[in-house]
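A, B, C, D and E are the chain letters, set down in written order, and residue numbers restart from 1 in every chain.
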Amino acid sequence: MTTSPFVLEVGLGILMLCVFAASLVARGEDRRHIGWLATAGVAVLAVVSMTLGPSGPAFGGAFVQDGLAVFAKRLFLWATAIGLLGGMSQDRLPFLRRSGEYHLLMLASLLGMFVLASARDIILLFVGFELMSMPLYALSGFVKRDEMAVEAALKFFVVGSVSSAVMAYGLSFVYGAARTTSLAGVAKAFAAGDPFVVLGLLAAFAGFGFKIAAFPFHMWVPDTYEAASTPFVAWLSVTPKAAGFVALFRLYFEGVGDRVVFWVPIAAALATITIVAGNLMALPQQNAKRLLAYSGIAHIGYMLVGLAAASSNGTAMVLFYLVAYVFGNMGAFLVVEAVGRSERSEHLSAFRGLAQRSPLLALAMLLFLLSLGGIPFVAGFWAKLYVFWAAAQQGLYWLVLVGAVLTVVALFYYLVVAKRMYIEPPDRPDPVALPGSLAVAVTLCVLGIVVIGVWPKPVVMAALRVAAPLF
Amino acid sequence: MSLHGYLTLGALVFAIGLFGVVTRRNAVGMLLGIELMLNAVNINLVAFSRFHADLGGIVFSLFTIAITVAEVALGLAIVIVIFRVRKTIEADRLDLLRG
Amino acid sequence: MTVETVGFWLVAAVLLASSLAVVLTKNLFHAVLYLAVALVATGVVFLLLESPFLFGVQLLLYAGGVVTIVVFAIMLTERLVGERITQTSRHVVNGAIVSAAVFVAVVGFLLQAGAPAPVTERPDQLAGLGRALVGPYAVTLELLGVLLVAALLGAIYFARADD
Amino acid sequence: MNFPVLSVITWSPFVGALLVMFTARRSPLAVRLISAVTTGISAVLSIVVYVTYDRQAAATDDAARFQFYEKVPLVPPLGISYEVGADGISLLLVLLTAVIIFTGVFASWTVKVRSQEFYALLLTLVTGVFGVFVSLDLFVFFLFYELAVLPMYLLIGIWGSSGEVRPRGIFAWAYRETGVGTKEYAAMKLTLYLLFGSAFILVGIYALYVSAGAGSFSILELEAVPFDPVLQRWVFLAFYVGFGVLAGIWPLHTWSPDGHASAPTAVSMLHAGVLMKLGAYGIVRVGMGLVPEGAVEFAWLVGGIACINIVYGALSAMAQTDLKYVIAYSSVSHMGLVLLGAATLTEAGLNGSVFQMFAHGVMTGLFFALVGLVYEKAHSRDIPTMGGFGRSMPGVAAAFTVGGLSSLGLPATAGFVAELLTFMGAWRSEHPWWLFPAVLGTFLTAIYVLRVVRAIFWGPPSPHFHDLPDAQGPEWVALVLLVGVIVVFGMAPALALGLVDSATVPLLARLPLP
Amino acid sequence: MSLPLAVLALPFVSFVLLAVVPPLRRAGRVAGGVSIAATAVAFVCALATWQGHLEGEQLVPWIPGDAGPMATVGLLVDPITNAMLVLVTLVSLLIQIYSLAYLSDEPSPALGRYYTYQSLFAFSMLGLVLSPTFLQMFIFWELVGLCSYLLIGFWYQRPAAARAAVKAFWITKLGDLGFVTGIVMLWAATGTFEFSTLFRMGAAGQLPAESLGLILFLIYLGAVGKSAQFPLHVWLPDAMEGPTPVSALIHAATMVTAGVFMVTRAQPLFALVPDLVWLIGTVGAFTALLAASMACVEHDIKRVLAYSTVSQLGYMMAAAGAGAADAGFFHLLTHGVFKALLFLAAGSVIHAVGTNDMFRMGRLWHGLPHTGIVFIVGTLALAGVWPLAGFFSKESILAAVWGAGRTGTFAVLALTAFLTAFYMFRAVFLTFFGHAHAGGHPHEAPWPMRGPLWILAILTLVLGLAFLASPPPAVEAHHGPGWLGPFSLGLAAAGLALAWAMYQQRAIAPASFSRVLAPIDFAARRRYGIDALYLGLYKGLILGFSKLIGLIDRYLVDGLVNVFSALSLRSGDRLRRIQSGQVHDYVYGVAFGVLLVVVFAHWWAR
């Protein structure tokens, strides 16, 4: 079936218009129905996306809807659907009264991700990147009466703006070397070894590094995660990263041929420091969201291991990792939201005795943690296995070893959370209040990691299929 | 004047902007630094465009300018909201979140 | 020494001086004014690079738009805090070192790359831009619109004082 | 379609766990009965398969080595299938597992806190153990392996007990920071160690899978693949380290004393009794079975470290004052004997190794059951404060003595046969000197075991304890069963060895011995 | 073979009954009855076997192997076995009867336990003597060791008994290590444990010549431990902490002679290594003298007997060392009878006066005439006075040693004979005569105790007379020179006289005597420092080393693990300080990141 390459983008645009219109007519304090509208729309788009296949390029190749883009968009849509669903339970005033703004910003950012996944033109890439980023700055400070949230928003904004300035600066060199804005030209210039394009791509990496939160660019992550509203963070922690990786593949890998190995040492070095720093810094954390933030940084390190393989297998395995990570990490954050709502605290001690208060919720959290830790039967196991495999194929055995050893460190802090939930006695006997929408979102995440954990093949095959044409 | 002259000029402006961002205590001051950095991008783009006789760079710089404006607007809004909540816009006093 | 060269040196001097002033001056208000100067100087650079259209955009959007917003913001915060905002700098030396390092890194690559000769033919800039913006960059332009809306949405959300 | 007896043995406890979780919410007795019945089914069936295994066929026909065979493809494209079967080694270890868990259910009859979850986790764990012993598919093997390892964290963390370790020496600062001695520490250490090991196993399995190129994880199919000798060496090392962590090889053993000392009774029984054997079993089945050249190449290493284990473990056990630590270190020592037997690569040694797995499993299960009883009644594990318990708990004392005698290799107990065979194998191996550390180990064992018996059960009654009751009711089931198994198999080793021999001889025949 | 099997099976059945039926065991005297009945029937069967000359061998596989069984077990009945069967069952029976009265004060469960152990011991000892293979012998060898341990520790709440029990176990185990190593090596070389096969191979010269010496030496070490030869003799005197009947049975008559029995049994093998035989004899003679010297200064009556046992075991080994294992074995049999008698009599004395210390006894002759008589009979036998049983066996040993031309050994043994007479009569005078007076009113034990005493005493006499009538083969074989009989009688008489002079007449003060022999006296009273040496080795070397290893394991090996984890935690804590909360630093992060990749790429590209 050949469809227009813009089906999803157009659909999303229509949805945004609907949401906008709804928020214009909405009255009263509780405007959450706008949120339901957005959620339902995204869910419909997510379902629609599953029926889509790749289609040809548009606008002279500036926009493509190839397998990678479709794969990425499905991932964004599902993640956003779950994220919006999980966010529906928020009952603080801004979320009730400004539900329209909140969801419009989310959708705008989603649109930016779509563009990023499809862009084969540096201007489009940059605009998509900014379109994705800017709503995020606003969203992270959405609770604008909360002094922590606004501080986080400022930090996020400043670091983000500097990163995009650096990125734009880099892209200007890229353009200067390629003499065209199309990525095909860039790939050609890179393959020819133009020093400008090398400088440009290296500098542009600042933007991607910022977005995916690789080690020295990661510093906004813990603060923002800690202060922003949790369901938003759940979404923030996975989807923009996925978008960042997809764009990375496009800009750095697609069509550059054998020159791709140029990135191997850099990606490997970044992977190493990111894994080490993320895991080590997670160790002393006592705030669940900060802990997950640092663990997320470490996960980016593992994905960079796949990136360091600089091969189609490596790329595919990063994509698979992203899928596993989306479900595992979002799920974990959503459980934190459930507990945080109920206990008014995101400190790890809020999890004390959760297994006795809400056994199913605790079990879900345990599964997420196991998935993040890379234990069999849940998706994260395969994810780690596959990126290591890809790296080993490339001969990066030392990297695999570093990664494997630090997995043990990571398990330590995941088990610390498990200890809180299962081993320590509860402070209160009553179960944690769990709103329906949040429960559904968590259930979806559990299903995701368990189904993929038991039956990873379809996702792996799909990832392999879409990654192959890049090389 | 050669291309390198313009590029060096751009690099200098970029470095000065970066210097501004990392040294200014005031959030608005940091913002000004970012403006300078983006300005350097435009110099680069236009210079490349001119020397390669390609319009892409001009288009790019148009977009950059527009984006910069959006960024400034959003950034200043954040500064204002911070000011309301925290009664300061000295960025280095904003360290509730750390560690 | 062609006119262009002389102009370049002059503009470069003004641009660098005003840029330095932006990041060094104590008075925030003055810094904004210096920024305006720097932006105008950049516009002149665009003129030297034979892009008058961009010069216009630069004046309108930057020197006009940005500076105005910033001034408003400063006035707003000043009004709220009730005193003039002066600003100091922190760790100037560290900042200088890092900035210098970045500069050196860039220049290092510049030295590596050979300089292309300027192309003498002059495409019709305005017409070309017009075609480009509705042609290959149409989607980009539309997205820019969405971007501006989204940014403004965010800005308004923050700026309004009601809730 | 034959009755899938191995699957029933494997999954019966798991069904029990589900039943316990979902049906027996309010009744502690029902929890225990369900556990006893489901593990009882496994126990009875494992005796049945043990008896009905056709030894003659196995001896004559290589294809009949693995009987009670079942195969269900799980992921055909990757060659993963649920493939189970049992030979003599598996059967003996399945029997061991069944005995230990069945008695473990009784030994933990008195668990009061959250008993429902306790039994559910315990039974899940056992499914993993059974699964490892009967799996013929490396992938499923690994999954079962992880299933057997993971519940341990919660079992120790929730129901364990904390000991005391004084931070001393140049690393005292590190001890203060890690919280050494607490049950949380022990649980964490154990889990991290074992997962660390399983990473190596996974790499090894994966290397075999890839280089075989047959797209199958089946042990039977991989056995037929002649792997490259260099690959075999590395893969064997990976397996050795990976499984060795669980088998408690020096110097990767330190999780074991802390873990076993902190674990609740049934968990210690199961872990020291059976789980450590998973490690040894893995080295034999996967290491020797699939990469025979690597096994031969590195026999010196396996045996050498085993010798260190034997002597070092025994000496460490002697130095302990905490009862559970003594037993835990004795496991380290005895696992050395198991691995030494395997490293001899001789029929006698390997038979001894497998038999030692069984003997040590039962014996250490008995030990931990007894220590659990003593601890439960005296609320102390500190040997120097104890004394004269023999008068108040003669049954416990007698059973402990039998266990101790088996551990020091006294004839008429299972331990003797195992040690004797290991000695015999050692002197016939490439490295005859292994005999001496092994023999020395038994002497050191005699010293520390009898010291402990003397300190706890003999001598004048300790003033610290009053009115300690002897074992009661269900606890006797555990003690009598285990003591009986130790003695019966000690007097008639052919009960096990005939079966074991039918499995080890083909295994050895595949080794490229010089 | 059913009769010898019955001999073996009856005590086993009794043991199993008592072990697995707790009510029966707790009944105490009933348990004793079961055990005694089983032993009695076994005794009858043993007699029948002996009389019927039922000899033969039967083997069944025990440990299966691919190419035939790796190890077999079974029964081997020959004249040696027959004699041992009778001795063991007889002494066991008598001692079990004796114990019924001796331990009448024990609570019923303890008594039941006692008889359980006794049955197990009888079974084990019989299994040992019936062993057709080294392995089976080792198995029962260890089991009798276990019984010894359990019975020494019968009064387990006494610290001294508990200590002695483990000491006995450890020291004998030390020898057993050699034993098991030896038989494993032998198996590795020959593929069998069976005596008959090994003898055949030995006769055919198929045994590995170069390692046979080592192997047999290691096996001999087992005998050194079990038969309390120097330097592993230290456990036997301490073993006297057990009840006296146990000392009589296990530590005098039966178990401790297992080493001699084994050397006798494996004589054809040992004969292949003359150097080893020489060593055995030398060690035996030295042990005999050493133990005798310590017996001379001992105050505890049971320990005197214990040293005497050690000494006599040395005698037997010396015989084996002279190539006359049969003479040693003969002495084993007679010694079994009269040493059991002596112990039981001593038990009767202790039962009456409540102390072991001879210096707190005296003039017991009047209160304990029966005991006195039988004790003197035993003493005379031990001293080797004609025509008691001991005379003949001792005589044949001396003759054999002389005949083998081992003059040095002969001299040592002669000296020992003199000392034996001295310390035994020293005990007699101190206990039954002398000048001191035991407190209280000692009186004879009840008949269950006296009966066995008399039976053994009569047996000692009758055996001697029987030997006079028809000399047994050992006496026939080793017929010494004519002066030997009077010479040894003279030695005995000299010993008697000295004891009489010192302890009855007080003509010579023991103190002055010890002044003359001060160094020997000093050393003998301290057991020549051997016990202290063991204690030092145990405490210093083994325990000290274990402490060291324990510390290393906890604080070094495990320490490194903890250091790794603590370092991780610490570095995490350090590292997170870069997360300063200052947005400027975050921008630095971005700048550094860019610089990092640029510089790294630059550097890498070259």
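The rule is simple: a residue touches a chain if its C-beta (ideal position, glycine included) is under 8 Å from a C-beta of that chain, and two chains touch if they have at least 3 such contacts.
A quick note: this is a predicted structure, and the numbers were derived from the prediction, not measured.
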| item | value |
| --- | --- |
| Touching both subunit D and subunit E (chains) | A |
| Among all chain pairs, the one with the most C-beta contacts | B-C |
| Remotest chain, subunit C as reference, centres from CA atoms | E |
| Closest chain to the centre of mass proxy, which here is the mean CA position | D |
| Separation of subunit B from subunit C, taking each centre as the mean of its C-alpha atoms, in whole Å | 7 |
| Between subunit B and subunit D, centroid-to-centroid distance (C-alpha), Å | 65 |
| CA centroid of subunit B to CA centroid of subunit E, Å | 96 |
| Approximate Å spacing (C-alpha centroids) for the pair subunit C, subunit D | 71 |
| Touching two or more other chains - residue numbers and ranges from subunit E | 565, 569, 576, 579, 581, 583-584, 587-588, 591-592, 594, 598 |
| Residue list for subunit A, restricted to those that touch at least two other chains | 123, 127, 130, 134, 137-138, 141, 144, 154-155, 158, 162, 166, 173, 198-199, 222-223, 412 |
| Sequence positions of subunit D contacting 2 or more other chains | none |
| Pairs of chains satisfying the touch condition | A-B, A-C, A-D, A-E, B-C, B-E, C-E, D-E |
| Residues on subunit C engaged by subunit E in the complex (per definition of touch) | 90-91, 94, 98, 101-102, 105, 108 |
| Residue ranges of subunit A touching subunit B (in the complex, touch as defined) | 122-123, 126-127, 130, 134, 137-138, 141, 144-148, 150-155, 157-158, 161-162, 164-166, 168-169, 171-173, 175-176, 179-181, 222-223, 226-227, 290 |
| Residue ranges of subunit E in contact with subunit B within the complex | 576-577, 579-584, 587-588, 591 |
| Subunit E residues within the subunit C interface of the complex | 584, 588, 591-592, 594-595, 598-599, 602 |
| Of all residues in subunit E, those that touch subunit A in their complex | 565, 568-569, 571-573, 575-576, 578-579, 581, 583, 585-587, 589-590, 592-594, 596-598, 600-601, 604-605 |
